[in-house]
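In the two complexes that follow, subunit A is the common piece, with subunit B as its partner first and subunit C second.
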Partner chain A sequence: MSTPLVEAVETIAAPDTPARPRRGWRSPSFVLGAAMLLAVLALALVSLVWSPYGLDHTDPAARLADPSARHWAGTDRLGRDQFTQLMLGARTAVGIGLASVAVAFIIGVPLGLLAATAGRFLENTVVGVIDIVIAFPTLLLAMLLVTVYGASTAVAISAIGIGVSAEVARLTRISASRVFTQDYVLAARTCGTGPLMILVRHVLANIWHTLLVQATLAFGVAVIAEASLSYLGLGTPPPAPSWGRMLQEAQSTVSVAPWNVLLPGLAVAVTVVGVNLLGDGLREVLDPQLRQERQAAHR
Partner chain B sequence: MTILETTGLTITLDGQALVRDVSFGLAARDRVGLIGESGSGKSLTALALLGLLPPGMRTSGRILIDGEDLLGAPDRQWRRVRGRTVSIVFQEPLTALDPLMPVGRQIAGPLRLHQGLNRSDAERRAIDWCGRVHLPDPARLARALPHELSGGQRQRVALAMALACRPRLLIADEPTTALDVTVQAQILTLLDELIEETGVGLLFISHDLPVVAGLARRLLVMRTGRLVESGPVDDVLRRPHSGYARQLVASAARVTRLARPSVRREDR
Partner chain C sequence: MLSYLIRRVAWLVGSLFVAGSAVFFLLRVLPGDPAVTLLAVGSSPDQIDAIRHQLGTDRPVLAQYGHWLGDLVTGNLGDSLFTQMPVLDQIAGRLPVTVPLALSAFVLSIVVAVPIGVFAAVRRRGLLGVAVSTLAQVGIAVPIFWVGIVVVWLVAVQWRALPPGGFPRTGWQDPQAALQSLVLPVATLTIAQGAVLVRYVRSATLDVLSQEYVRTARSLGYSLPRALWRHGPRSGAATVVQILGILLASSLLGTVVIESVFALPGLGSLLLTSVKARDLPIVQGTVFLMTATVLVVGLAVDVVQRLVDPRLRGSA
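Right after this comes the complex of A and B.
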């Protein structure tokens, strides 16, 4: 008991500046994904202030034209400028995508946390509901809702949001339950921390990385769902432009003007692939476990 | 003055008693060691004293803290006691700290909660505490994340967190078991120092008799959920009357005898 304090024996593991990983942000998937998404985002943002032509502008003299200096992406069978349509379609896709993800998180996160904190009966009930919604194809659910409530932007957003929220709720529940069993939650409780504080300070703080990555993936799902709904005529009603409807309108003229199908298809693909790459990159950057391993390896 | 008193504490899970009829009291400046083998119910008893048993476990008996019977009290009432009157330090300092929160903020948490300090005051006090538990360069270490600290340093942080609100009773649940022997000695010295300095009562839980005997003045011996012996350390060590305590003392003596020759060799 009379051992003198020997501080030197304990190694000071903390480096002078707590090493923040930089490599993660430069990972190829993150950079490529971010670039692809930024391009789409730029199209959408620029369309707010400028587009080559007006939405309703038709050029009857140049119907089904190939891409040229006047019409960068050609025109469709009514002579509408396809680049304008693509830009405005990007706005729709990004807008509905973001709104759906917001809806999904507003429903999913509280539901998941509720399931993680509630007693066994409530948890089982919520899990059951989540499983049913997950088992039900999102697109089918959306079609059902559209049939009942009519095609409108709000219905499309809610339908996609509800469909995606199940996955969000499941992930939230699983991650939060894992945190709740950790000793540091018990330690926080021994200090008298209340349940709400624990939820915010410890649980949410430890799972938001996972949720953010899930949000990027959910955005991709929402963009595909929106395009699919519009393709079926169940998404945002005309005249609001949408990549899905561009595809649908162009399919009858695909042999004459393949550009009209290729470009909106490419736009959807770039957005979804970009968002997935970004999600992968983000996971690498944010995941605390991977981050710690990287730091340990660095040392 | 008695801070905590438990009488007839019994913990059952699915009708099976895990802890049976445990009674003892702890007063200010008391130093009590609770010793027993793994699974004897030591840690469960400790959790029960803070009202933090895992769901599904039932308790009966009485737990008086400052004369108030808290057994079966709502969580809200327990929260006023936890960290303020009774604190606990756990065995594993790595998992007991939030991996994503700077340790300074973790020490500041209970201060803001119980003493209503604002963030900057609480964090300044947290840095003070980092110094009091002899962490090198407190201002910098307070900003470090738990994985950037060594095991001993983490346990120092856990101690600071437990003592920050000046509780009158500290439960130490095998606080040194997960540490290297050299670090273990340092933490025990620190604990001794902090107890003297703050006058906090101690309930030290361990399965390591020599460690407990060095720190405690009174011993409680637990086996298969029951208290089989209690008394001043010297009495229990010299004249153990329960069979289990005799075994415990004898085997501890044997280990010490085995260890001693090597210590002598190093001394020469």
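Right after this comes the complex of A and C.
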């Protein structure tokens, strides 16, 4: 779950359009990704102030109903409005996703910078730890933590955050080490610039766009991880709705109410595809080197 | 090569030790006493002490740790808190489900995804190529259990061709029933892994396509497929081996979720039920074993990479 992050960065190529492809902020992948993500964010935000029904509202007369004017996404076997659940589930997914990415970066970036700046011994130690954490899958880490502390939102966030942080640390170390070998860093050092200043002015200034793209992709990973944990009953406990648990509950009634399975799955897919497209677009916009390479490749 | 191998194996043993210790201590900070959760309400303090002694939780943590390490070296993973059966036996009993599931999904996803990925790269401007890439993109974005539920709905419920879940009680004594119950889980895992692999293969092929030696081969009169076949596998081998390693590890982990979707009595469901029951020795043993497998696969990947790609041998 945590391994393929960076490889994913390399694999997602912008759609190859035959004619002169549009780049930057107006590239199709960026616009589409942003639109999909905004839709999910809007669902989550609106749910803070309004949802069609209350969370506990059940409509016993309309159990497992198809989508209709009264229940836009149908109802489940208890007669709960599925659109309400989807909206509140979006809030859970976005909230846990953002929190996990924050945890991953708070742990990962300093660790990566430490490894890049410190001496050889410390660097090797940190790299060793990163390798072990990467080999240690997020799902297993989550299961360990749940065994100890029981299923809760905090456990889900910690497990996903720690799992993703290894990849963040790895990427930070590699990108930062690359910057450290540059002549302008040497020049700054010669001029007597302090290490902290070099870190901020040169290193962070040159790697933040890589990290931002990584953050968008990590958000997608976190959303899938959250859904998986709730599906297994290890995530946010009821009554807080989650797309993963909606799917788990709808599994047994799929022949009667396929909507209950299709829509939460679609919600996860839209979020993750949106985030991945957005990440691609951002990379195009933010990384001038990559743009030049792409243009060279197109000639 | 030999000194590299020795260093690499030493590193593996070191990581196993660290990973195992991390698992051990993580689980020992458990609030609450497993002895108390095991017994009925109203048990006498003597009974609780007896259970504690039996579990070994009355000793200091470090002593428990030493004991656990000693047992680990001799291949003993302890006993289950609830069934009192050796953890290793329980794990072994689940392997006939999990190993075939993970391995056949691993092999099948390679067979299916590699040609598709190469095709998507060669025809990247074509309608079909774009369609394949888009489909793979979506395939990565949907959770694996969702794929499983939909597959069950379409094939098992609508079409009634295959069992929607479960595994014959007699196991592989009835090979046909056992095989049938693994078809849909394997298919689901293959779809999920295949989507990831298609994208790796596509980008690896694109990489090879842009290399000068492919252009040279083309200019010498090789057709594109022949040029790819002649140069692709060798030059991309190191990357491919790495991807296969990741794929093997994620196939194994995918079984945790897949077994839950299809109610299969495998290693993953053993782990899940033990997590919910807080059966420490089983959780500890299973997690350790899975992590160890991932680490060993990583070692194998590194070694094979050096064998197939001479360019890597110079580096440390």
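Going forward, the second predicted complex is superposed on the first by the 267 of 299 C-alpha atoms of A that agree within 3 Å, B and C clash if a C-alpha of one lies under 4 Å from a C-alpha of the other, contacts with A are read in each partner's own complex, and residues count from 1 in each chain.
We adopt the following convention: a residue touches a chain if its C-beta (ideal position, glycine included) is under 8 Å from a C-beta of that chain, and two chains touch if they have at least 3 such contacts.
Just so we're clear, the structure is a prediction, and the values are computed from it rather than from any experiment.
Judged by the touch definition given at the top, the superposed model places A:191 against subunit B, while subunit C stays out of reach. By the touch criterion defined above, A:201 reaches subunit B but does not reach subunit C.
By the touch criterion defined above, A:136 lies against subunit C but remains apart from subunit B after alignment on the C-alpha atoms of chain A.
In the superposed pair of complexes, A:236 makes contact with neither subunit B nor subunit C. Considering which of subunit B and subunit C touches more of subunit A, the answer is C. Contacts of A:183 after superposition on the shared chain: subunit B is touched, whereas subunit C is not.
Once the two complexes are laid over each other on the shared chain, residue contacts for A:247 go to subunit C alone; subunit B is not touched. In the superposition on chain A, contact is made by A:268 with subunit C only, not with subunit B.
Within subunit A, the residues touched by subunit B in the first complex and by subunit C in the second are 1, 3-4, 7, 10-13, 15, 18. Interface residues of subunit A, counted against subunit B in their complex, comprise 1-7, 9-15, 18, 182-184, 186-195, 197, 201-202, 205-206, 288, 292, 295.
Note for the complex: subunit C touches subunit A at residues 11, 14-15, 18-19, 22-23, 26-27, 29-31, 124-125, 130, 133, 137-138, 140-146, 149-150, 152-153, 157-158, 196, 199-200, 202-203, 206, 210, 243, 246, 249-250, 253, 256-257, 260-261, 271-272, 274-276, 278, 280, 283, 287, 290-291, 294-295, 298.
Interface residues of subunit B, counted against subunit A in their complex, comprise 50, 52, 75, 78-84, 87-88, 90, 92, 95-101, 109-110, 113-114, 134, 136-137, 140-141, 143-145, 147-150, 152-153, 158, 161-162, 165, 182-183, 185-186, 188-190, 192, 214-215.
Chain contact summary for the complex, subunit A toward subunit C: residues 1, 3-4, 7-8, 10-13, 15-16, 18, 128, 131-132, 135-137, 139-140, 143-149, 220, 224, 227-228, 231-234, 244, 247-248, 250-251, 254-255, 258, 261-262, 264-265, 268-269, 271-273, 276, 297.
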